[in-house]
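In what follows, subunit A forms one complex with subunit B and a second complex with subunit C.
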Partner chain A sequence: MTSTLPRRSVGQRVKRHDGDAHLTGQAVYTGDVTVPGTTHAALVRSPHAHATIESIDTTAALAHPGVLAVVTGAEIAAVTDEIPHGLDAGHLGGHHAVVRPLAVGKVVHVGEPVAAVVALTPADAAAAALLVEVGYDLLPVVLDPDAALAEDAPLLYPEWGDNVIIAREVGPDDFDEVATSAAHVLDGELRGHRGNAAPMETRTYLADWDSRRRHLTVWATTQNPHVMRTVLASTLRLPEGSIRVIALKIGGSFGLKMYGNREDFIAPVLSRLVGRPVKWVEERSAALLPAARDQRLAYRVAFDDDGRLRALDVHAVSDHGAGAATHGWGMAHVGALATGLGYALDHCHVRYTVVATNKAPWVGTKPFGKESATLLLERIMDRIAVTTGLDPAEVRRRNFLAPDAFPHTHTSGLELDSGDYAAALDLTLELLDHPAARAMQSAARAEGRCVGIGLGFELMPESADIPGALVAAFDTSTVRMSPSGQVTVLTGVTSPGTGNDTAIAQLVADELGVAMSEITVVQGDTDLCPYGFGNISSRSIITGGNAAVLAARDLVATLHTTARAMLSAGPEEAIVLGDGMAQVAGDPERALPVPAVAGAVHTLSYLLGLDIEPRLESTRTYRPANVRQVPDELGRMNTYTTYPYAVHASLLEVDPETGSVTLLRHVVTHDCGTVVNPMFVDGQVTGGVAMGIGAALGEELVFDADGVPASTGFKTYLLPRAIDLPRVELGHLCTPAPGTPLGAKGVGEAGFSGALAAVVNAVNDAIAPLGAALEATPVSPPRVLAALLEAGQ
Partner chain B sequence: MSDPTTTSTVDLTLTVNGERRTAAVDGRALLLDALRDGFGVTGPKSGCRTGDCGACTVRVEGLIAKSCLRLAVAEQGAQVQTLEGLATDGALTPLQSAFWENNAFQCGYCLSGMLFAAEDLLERVPSPTEGQIREAISGNLCRCTGYDAIVDAIASCAGGERPNDRPGGAPA
Partner chain C sequence: MIPHRFDYVAPDSLAGCIEALNTAAPAGGDGEDARVLAGGTWVLPEMSRAESRPARLVDLRRAGLGGVTGTGSGLSVGAMCTYAELLASPDVLRHAPLLHTMAEGITGGWALRSQATVGGSAVSARPQSDVPGALVACGAVARAVGPEGERRFPVAELFAAAMHSSLLPGEVLTGFDVPSTAGAGSGYVKLKRGGSSWPIATAAALVRLGDEGVCRQVSLVLGAVTATPLRVDVDAALVGTTPGDDGVREAAHLAGAAVDEPWDDLLAPGSYRAAVAAPIARRALTMALVAARTTIQETRA
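Our next item is the complex of A and B:
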């Protein structure tokens, strides 16, 4: 029997349990850890985008004071195996890229590491790295994905025979059959741009190889400590059990710190080679190398006079950059799966081609390719509105799946569980005061000002489970109560700053009826926590949270049985836990403090004649049901378990003289099912909106003609600052995830996609009276001006 | 016996969070690195080392400063206050409490910059507008929150009435 007391903290704006540690500078991040005898690594990076490595002369570097070792890629390759792939394109009809910690034989992008220096101080390591002389033989560079697909293109990996990492199709290829009966067919191209996760903390590692124990301890900025250990063991040729990975507080991640990046291996490999602790801190310029979202989407869409979609055909060409062992290319696949999701669209075909170019590779980045699908559909909705003369909101309303349409299998195979998209649209328009906003726009236009309103509907498949990959929709938590009633939760999910540890403590506190202050949550340590997949795919509460709830209920059963014996409660009497007490329901006089019951479980089990295992510890795994990996007759699977969504509206003004965009308002209605902590959900959504607006307005990785990045810091890669952003106005709906204990859906990627789409749509709405359109991102001043010039303005 | 390096250390004396201390630091070290490595004060974080993100913010002689833009030896004898020195005897400042109540941070990496910039603003402008608050923290980057919660936390510590000078500002 479980607690019958009402939930106390779920749904409440509970503060971060570790807030004071953060606010007083006591929270420990990886870079704050010191180990006696620590040495420091620096990398020698390629200045060329494409070249063979002819020679590496380490003599001068080795002679530099304080230098312990200079190691080349070939030397590391001799003692390691290649990095296992998170999602191997080679297993799915594409090409397998061999990736090692440092480059071997050739470099394929600027910044690729070719050698490493270990020295006693960071300054000496950096100085010596400059003394390593690498002889390069330059090769032709290919930076444009279309050029890379040409017959005579230079090849990054000649053994492949082309530059295609993978090319696949999603959905039935039936556009032409359907389009003949549609009233309208439009075609177009949408060009995305190269963005970066840009957490405030760059990747940082401290690896300590103990040669006597043959044991490696690695403090790492990783979202996935257990999986990192699995792949480290493979690459370093060590048993998994002789490695401990510890993820402490993380200064943001947004995908950058997913496992499989070669950066994860540098300090561990070097520590093993030199036999000393090695620290390596990524430079900001290097942290701005990994990329995402650089896609060109060519499309054809068929629709009727009433604005209803009939068919969509898309070819996405992704500028992936160099081959990688991460899941990065999977963003093109997920973008294809998510295309058209949430709309009534029976004919949707997406072909995607992921192309290798001489840039640093894609790495999984929030919101993992789904933003491209959102932007595409939302541009299409607005184009349909223009063609049909309907209001953009009405076009969306007519195309949304109805609330009674669930479960709904999309053409890609994803199975939507629940939602009320039209209600979210209505609430957003109400919060915006849509008629007033349109009136304001008309008045502004009469004055010659360019004011625009844009909508963006995002639907995020979350909580992924990829068959054969270490990306799972389930996770594991342990709950343990000590004789003094102290509760420890150990979980396989991690928090890169989101606060899910606090939310998990809330869930456990409610189940056990104890105060939050009695609960400690331990995450990120492979020696302490159950094996888990860490922080991926917005699933920490769904998986780690639900698992902790199940485990806590096991403890509740033990506490009930024990309290029943201690309180001489009859079989007809119920025991309830709450306010730190175990009491006979309806009889407050017969009550005991929970610690007294916990103590009795540990010390009085024989005396009390308990006919149970006297155990106040349980490990449980929660695996959501809504996954289908046996392909259906069309070969489709459902690899995502929850489907949160949002509708955004952006109101902004474009200055036609400068091309600059000023956001006036941004409204978003969000639905992630049951909310455990509204304050944290608001924080996730608002942060996501800010990131989406940043991507829309200006964040862009740019390169010169030789492939040298020009975006090397925060003066050249422009993150949004407080003055760049409007206040995000939030509305909430709650459609609980059906068939789940909590009803919660993922929220970690919320806000980004719809904000990106709403801003791009609003800019187009603003400049439409000038005859201009902009089908490329970012909508930065140069691009806006170019669009206006093209329109003759 | 020490290992040979190119480092020539300098004895740097600072009053760090009220305590006069001396540490041997690399003569080339930035104030940020001297505090973290020499004095073991890790509240200031390294985010960009170019003065753009503000995660390394401290007070030097009472004025807020990005410690990645200062040479440590140039601050010989200075009073330095870091994130660790804001709360006294375990009691959070009103701004720290407001940041906690408003969930004005997620990963926490930007807190040195945000808290010092906020404190500096309220000392100069006790009742700032939302626009003034946003301006004051715009030397600092936060990638997690979208800033609204930070703005709210700072506003809650302001004295008196606060005119709304921003479109889309919080409804009353």
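Our next item is the complex of A and C:
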């Protein structure tokens, strides 16, 4: 009798294990937690973009009913150290910004917290915060890079001597030499705009200082609980062991809840000062302060008559806002690393300048600067198509790296592992029915309508490791099996709401041959889980997932040895785990339930004469082999592990009278290697497309002439709604990540960049017959109409 | 969460509401004056953000100002009538289909349509909203009651300026009389930046045709393009003619030319609103003409 293969869940559309709790409102978020004696904090924020703090009068606030304390930035600074940087520009040739939980001495953007009130109720805290009287001496403001880089510009940080956070170069500076032999040279400028991660759940904290134990417990909406503990300990002058950080369910983060933000420190510091549990929930208007994507790219590109790229030279100027202790400025660096990636381009030089202005700072935001690189290259591909008369798809096909080109080292040093970009393009065009779409476009144009088709190729370096920083390409998982066969997985990676805990349970279930229902995944608790780096850079399955697989395989070895003894299997006979049973391969009569074997490991090890450690617990760390941080002869490193990619096509119509854009179809073919759960991958790509479309069309942080943000809520910061979006049509390819146990690649930042590029290209394609073009985002109706009116004059 | 302390009353009569509005709030609160609460979809968020700090909220919910009823010659719309009530009313479809179409396009889904009120929106007088332009186009008459008694006035007079109604201190808007437009064709076009956007421009049109298809009466009101609703006289282009594309285009041109001080906000500059006024007007007039012709055909059949 032949045995059937055990059922496997990897690759299946397994529902998330906690879906019922989410759907019925039973899932516990940080805001749901309360402990006896909880008090509430509210912040006093600066109404000015640039000013010195001359005085803070807390008398009236302290007299307000229910108020326990009013704390100023200076008072906090006296008992804490500055916030450690996630990525310190000061160590890399730029300037170090000193950041503290609350402003000290001066404010550098509107909304910067100046003082905090702790009261018995949230309403009393908010009311008293309005009574704190802060005396400001106004300073001149700089609100864009031109103003900030001007000769006599006011300085945010006079000790720096300028407003440049950091300026660096990536790749060989050889454009001029190469361009002389190229058939064409184009130059241009592409302007991005300021956007935000906009998660549903704003940042929320409950900190509980226990003065008897000298111990701090912090429930926090953080992507990186362990690292948050490390930096909290440093700033609060406490041993790490005196702090426990617990991250519960997260209502979206997209980078906003990565460590390094001053917001992480406010409730912990206040709890320590007041000696009571302190809860602080960020206001929506404050959650819309942090930013990304605000970049201006000036470029020159050289190419030949056949459309092939020869050389690219870019100067990126980032409007960062104020200094920060986050990784935010790193988005300019990653954008530079990723520029030209995936195309056969031997000469690519990017200079970037990250400028401090009187706005809230950049904070790491999906897809971490890579979207600017994508948009740039995809606009360039379309410009090459116009110049050469080639089809835009053909230009890309000619420039893509071939499937046999891997591993390939880009000019920036990144080493691409695998992929078949042209195959993704072909599948996308097939799903779109490209000839039919072009025919429809021609028919529409004949009627005077403006229909456009745009392509966008995205290639996302994922699972980063930053040397010297607490951002690692590796992570750790523990797998433990109890005497009754129940499995607990403890992992250093966390879920921002995406469901990687379910995917990790699938992986472990398959290795151990047990049902998903036997598995509990524990994440986010620094007292329970192995030290880990949490959720960043689309790394959770690659690191925590692979580590769990390795740990589960250690348990499998113990179960095999024990089952072999219990079933009197010979050395030539294999044991197979599956469907909850351990059986001798090919002999289903000789089988035991996995819990019976687990129980035997715990209770019968002497009787069975097991010559092994009777251990059903293993902790393993998975560290990918392809990261290379010893610089090569050109000083380059490969700081990323995997390189997933996608090709998007957008079909849309522009109303030439109003500039309104109606999305008709959006097709995307994605390749993230081995897929653990197609539902999660589809969800990630679809969500990323929605974010990218939002960035392309509507989401924009707007300021008045004094630097006061006007986009303070979701009526003024326009997220796309379901009715604005077409169904995202998905195609999938699978090029497994070479040299990894699973073959999976990151998918957490998929969809955004290619959607942004495809929509911008499609709008340009739609309005090109009217002589109009848009090289700035967002391509909102007022901007589209302005471009059309300008072209018509 | 509303940070300040205030007095809240919900009198069970209009007289009680007016009295509450005109007597001082008890001590203990820290607000400034009394404010009327209708659906609360503007007032409560403003209070949560501490942009408004009334000492007392006078809630109209028990004062009998809800609903919409047919009156024989039109509609009586209570100040507390919600969008959901407008949508559910066959009288609205019969006498003022324009209001039905307007209510269908209100942003915010059923939660908002069941909570927000026509009167609340009108008194808020926000330029970038649907209700002001639609009521003006319908020729509605506002009713307000204060300590001195009731006044009635054309609803256009309610919209004094952006964010300012012409209600007198201590006065409560109680509702609107809307004359029937049965037999006329109506068109309503709203331009937004997306599903979550407030209106950038609206155009409300009513066209009445004679049996022979000659335009006897036309009414065109632009909303959201200027601080207050802009009624545009397009009689010269359409009345007395059998309206075709040229006439409609000429009327739309008049509408565009009438926008001399466009409203400007962060979602769209005034130049944009001025530029889209004509095409939006043209589309609304076209809709209204089609509806008017259909009405005539239906009457004949």
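Keep in mind that, in the parts below, the second predicted complex is superposed on the first by the 785 of 793 C-alpha atoms of A that agree within 3 Å, B and C clash if a C-alpha of one lies under 4 Å from a C-alpha of the other, contacts with A are read in each partner's own complex, and residues count from 1 in each chain.
Basically, contacts are C-beta pairs under 8 Å (C-beta built on N, C-alpha and C of every residue); 3 or more make two chains touch, one makes a residue touch a chain.
Keep in mind that this is a model prediction, so the values were computed, not measured.
J.: Please work out whether A:Val728 is in contact with subunit B alone, subunit C alone, both, or neither, and reply first, second, both or neither.
T.: A:Val728 contacts subunit B only, not subunit C.
J.: Applying the document's definition of touch, where does A:Leu697 land relative to subunit B and subunit C: first, second, both, or neither?
T.: In the superposition, A:Leu697 touches subunit C alone.
J.: Determine, for the superposed model, which of the two partners subunit B and subunit C contacts more residues of subunit A.
T.: B
J.: Kindly classify A:Ala710 by the partners it touches after superposition: subunit B alone (first), subunit C alone (second), both, or neither?
T.: In the superposition, A:Ala710 contacts subunit C only.
J.: Does subunit B (first) or subunit C (second) touch A:Leu719, or do both, or does neither?
T.: both
J.: Look at A:Thr365 in the shared chain and tell me whether it touches subunit B only, subunit C only, both, or neither; answer first, second, both or neither.
T.: Once the two structures are laid over each other on A, A:Thr365 reaches no partner at all.
J.: Examine A:Thr562 and indicate which partner it touches, taking first as subunit B and second as subunit C; both and neither are also allowed.
T.: neither
J.: According to the stated criteria, A:Ala27 is in contact with first (subunit B), second (subunit C), both, or neither; which is it?
T.: In the superposed model, A:Ala27 contacts subunit B only, not subunit C.
J.: Just subunit B (first), just subunit C (second), both, or neither: which does A:Gly252 touch?
T.: In the superposition, A:Gly252 contacts subunit B only.
J.: Figure out whether A:Leu130 sits in contact with subunit B (first) or subunit C (second), or with both, or with neither.
T.: After superposing on A, A:Leu130 lies in contact with subunit C but is clear of subunit B.
J.: Where on subunit A do subunit B and subunit C both make contact?
T.: Subunit A residues touching both partners: 123-124, 127, 714-715, 719, 721-723.
J.: Touching residues of subunit C toward subunit A in the complex: what are they?
T.: Touching subunit A from subunit C are residues 1-5, 30, 49-50, 191, 193-198, 200, 266-269, 271-272, 275-276, 279-280.
J.: Please output the residues of subunit A touching subunit C within their complex, sorted ascending.
T.: 122-124, 126-127, 129-130, 285, 657-660, 697-698, 702, 710-711, 714-716, 718-724, 780-782, 785-786, 789
J.: Where on subunit B is subunit A touching in the complex?
T.: Contact set of subunit B toward subunit A: 3-7, 26, 28, 36, 40-43, 45-50, 52-53, 55, 82-84, 86-87, 92, 96, 99-103, 105-112, 115, 130-131, 133-135, 137-138, 140-151, 166-170.
J.: Okay, in this complex, where on subunit A does subunit B touch?
T.: Spelled out, the residues of subunit A in touch with subunit B are 13, 15-16, 19-20, 22-29, 31-32, 34, 64-66, 119-121, 123-124, 127, 198-202, 249-252, 254, 281, 284, 496-499, 664-666, 679-680, 682-683, 686-691, 713-715, 719, 721-723, 725-729, 751.
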